[in-house]
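Below are two complexes that have subunit A in common, paired first with subunit B and then with subunit C.
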Partner chain A sequence: MKLITHNMLMSPGTRNGFPLAIEVESLEEVEADFNPEFIARMVEKLDYPALLQTVASLSVVEGTLPPQVPEKYAEDEEFLKALHHVLLEVEIVEGSLVCPETARKFPIKEGIPSML
Partner chain B sequence: MAAKARAVPSALLGAALPSSAEELPELPEIEREHVQRVYDAIALEWHGTRYKAWPRVASFVGRLPRASLIADLGCGNGKMHAACAAHGHLAIGCDFSAALVRICALQLRMEAQAADVTALPYRAAVFDAALSIAVLHHVSTVGRRRRLVRETLRVLRPGGQALFYAWAKEQAAGRSGHVFPSADVFVPFHQRLTRAEGEEAAAEHKRPREEGAAEGVAAAFDPEKRAVVHQRYCHVYAEGELRELVESVEGFRVLEEYYDTGNWCILAEKAA
Partner chain C sequence: MSMSHRSRPEEQAPPDVFYNQAEAEKYLHNSRMIEVQAQMAERALEMLCLPEDESALLLDVGCGTGLSGEALEEYGHTWVGVDISRDMLGVAQRREVEGDLVHQDMGLGMPFRQGVFDGAISISAVQWLCYSDRNEHVPRLRLHRFFQSLYKCLRRGARAVLQFYPQDAEQLQLITASAMRAGFGGGLVVDFPHSSKAKKYFLVLLAGLPDEGFSMPQALGEEIAATQVQQTAAVNMERKQHAKRQIDRRPGKRSSKGVTKDREWIMKKKHSQRRQGKEVCNDSKYSGRKRSKVRF
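Up next, the complex of A and B:
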């Protein structure tokens, strides 16, 4: 599970089941092709404060993201690259997601969250 | 190959459930036994023969603005993944068959989760488009079908589009060979076994398959074909039924209705 997916995930059937806390057992950093157009398109979909909160909770991930999305983010290559790394190059392989509303735990195995 | 479909005994259907069944979070037994468990059992064989995207679904994906975020709801073995990636989109998929989700995640490196398409694990209003391809025909109650459509609507952004495909009761003669005796049917899937597997299965499945299907047993061994015969539950849609279903959920506007390779198809847009 990449962090871009985590930013969209919510505990099913809840009103406030977002963002899910991540309990990491194993995490990998992978390389992904940088596509600035795609990253810029994703900015409007992200819950940016939730992303910052998640990155802060994962001590191993470099925290180079600014506290706010820059105004001209589509032309800000440094920002887009940092965002690209966080969204697409960090994979949670084993661990759990924890619902902030119900404390229900959803296991992640082999990179696959089970939200059933 | 003409697969012989048989009518589902009414006692196995959710019609027997009270009307409050719409809010039941539990997966109905018939979907657990005759859809989820069947796909878990046949996932690898399914993936081996059904990996190509359907052309008209691929063309819908190709018409979306580049770098769209797509929800593939009931993603199966991820056969839309390549078409999405080719257009610079990101597809996030889910399916209630854990075995199919593993194929998506481990073989295709797709972002995929095990989830129920009637209780989606996503925030509201984030996806540019949603795919519901060959999923609704495995949902056994009208309440759950509506909930699937409502959930699809919820995760779409305003103006986002959803494409629904579901098996049609009306099958062109001679094409797939399917003839459906009823709206709710068991469609057999023959999972071929090696000789050794066959002998093991023969020992396990003593009952003849006719009897098994009649009682709603999801799989039985067919010694003649040396195959395990899985009974997949399907609700096949009559002309207009899928459109009515989508239109019954306020907030969706139907843009297009068509018939494609044995399926009724609805393209719908979330009100802006």
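Up next, the complex of A and C:
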């Protein structure tokens, strides 16, 4: 599971089941093609504070994003590249997601979170 | 009646049981199944009418082995897939699809925040919600939870195009009415309505107000004036016959899996689709671009 998906994922059937805390057992960094337009469009959809919270909990990407989205983010290549890396190039392979509302745990196995 | 006499998989076993390892393997090797999934996904994508020249974030409900998702990838979109079968999702991983996969029962709702997806597709999955595999399964409630959560996670003005196989008129009504009750606009498009083999049902749904004037896509048929679009904005599904339409010839059969679709192939295909008057995304620099695969 990539962090872009994690930023969209919510504990089903809850009101405040977002963001899910990540307990990482194993993680991989992968490479994905950089599409600046796509990343810029994702900015509007992201819950940026939640993303910062997640990033702060993962040592591999900790501190790589600014505390606020830059004003002219669509032209800010450095920011878009950092965001690209965080969103698409970090794979959580094994671990769990923890619902902030109910504390329910959802396992991640072989990269697939199970929300059942 | 013994199991073997029942023709529909939905009547044989729950989806997570029916779509086991052996069934999932078929999606790796059976070229007919591969072709059908890809074709229907392409048709669904076409009816999403996404803004041209943009790569979108899409949801694939009942994504299975990722054949439908791969059709989305070919047009440069990023997708997230949801499926109840771990075996199907396992095959999707072996296929090294680019989409992220989430294990979930759609009858429990889509586990996503509000307004995040630019569109959703579903290929041959939604009819599974009409069956009650456990005592606590009430199809009406499961369908409602599904459509409500689908509506919620779509951006306002986004579409969902769901191809499904209703067992009978009752299921068709149940599914369509449930979508409308959840707030969706839109209705049913029936491709090839006069061919019992090729006939395909697509629910074309709109979440919220359309970006620009919403018009239902034209159905595909084999003969002139064969279009049959059922407008179901009113739940009673009145039929509306469209008199004239273009003759559609589906573009050449999709080449079998394993052949990489290069940019030239895609451009040629888009060109031929445009010539047939179909809605086709604009070409972008991402068209047909080889992108890196994520490996575990």
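Here, the second predicted complex is superposed on the first by the 115 of 116 C-alpha atoms of A that agree within 3 Å, B and C clash if a C-alpha of one lies under 4 Å from a C-alpha of the other, contacts with A are read in each partner's own complex, and residues count from 1 in each chain.
What we mean here is this: contacts are C-beta pairs under 8 Å (C-beta built on N, C-alpha and C of every residue); 3 or more make two chains touch, one makes a residue touch a chain.
These figures come from a predicted structure and were not determined experimentally.
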Exercise for the section: Answer with first, second, both or neither: which of subunit B and subunit C does A:96 touch in the superposed model? Expected result: neither
Practice task
Could you look at A:33 and tell me whether it touches subunit B, subunit C, both or neither (first, second, both, neither)?
Solution key: second
Practice task
Please indicate which partner A:5 is in contact with in the superposed arrangement: first for subunit B, second for subunit C, both, or neither.
Solution key: both
Exercise for the section: Please work out whether A:54 is in contact with subunit B alone, subunit C alone, both, or neither, and reply first, second, both or neither. Expected result: neither
Handout entry: Partner chain in contact with A:115 - subunit B first, subunit C second, else both or neither
Key = both
Practice task
Take the contacts of subunit A with subunit B and those with subunit C, and give the residues found in both.
Solution key: 1-2, 4-5, 8-13, 18, 35, 37-38, 41-42, 45, 47, 110-116
Fill in the blank from the handout: Interface with subunit A, subunit B side, in the complex: residues 25, 66-69, 88, 90, 92, 94, 96, 98, 101-102, 105-106, 111-116, 119-123, 126-127, 157
Handout entry: Contact set on subunit A toward subunit B in their complex
Key = 1-2, 4-5, 8-13, 18, 35, 37-38, 41-42, 45, 47, 106, 110-116
Handout entry: subunit C - residues contacting subunit A, complex
Key = 54-55, 57, 78, 80, 84, 86, 89-90, 93, 100-105, 108-113, 115-117, 149, 153, 155, 286, 289, 291-292, 294-296
Fill in the blank from the handout: Listed in rising order, the residues of subunit A that touch subunit C in the complex are 1-2, 4-5, 8-13, 18, 28, 30-33, 35, 37-38, 41-42, 45, 47, 91, 93, 110-116
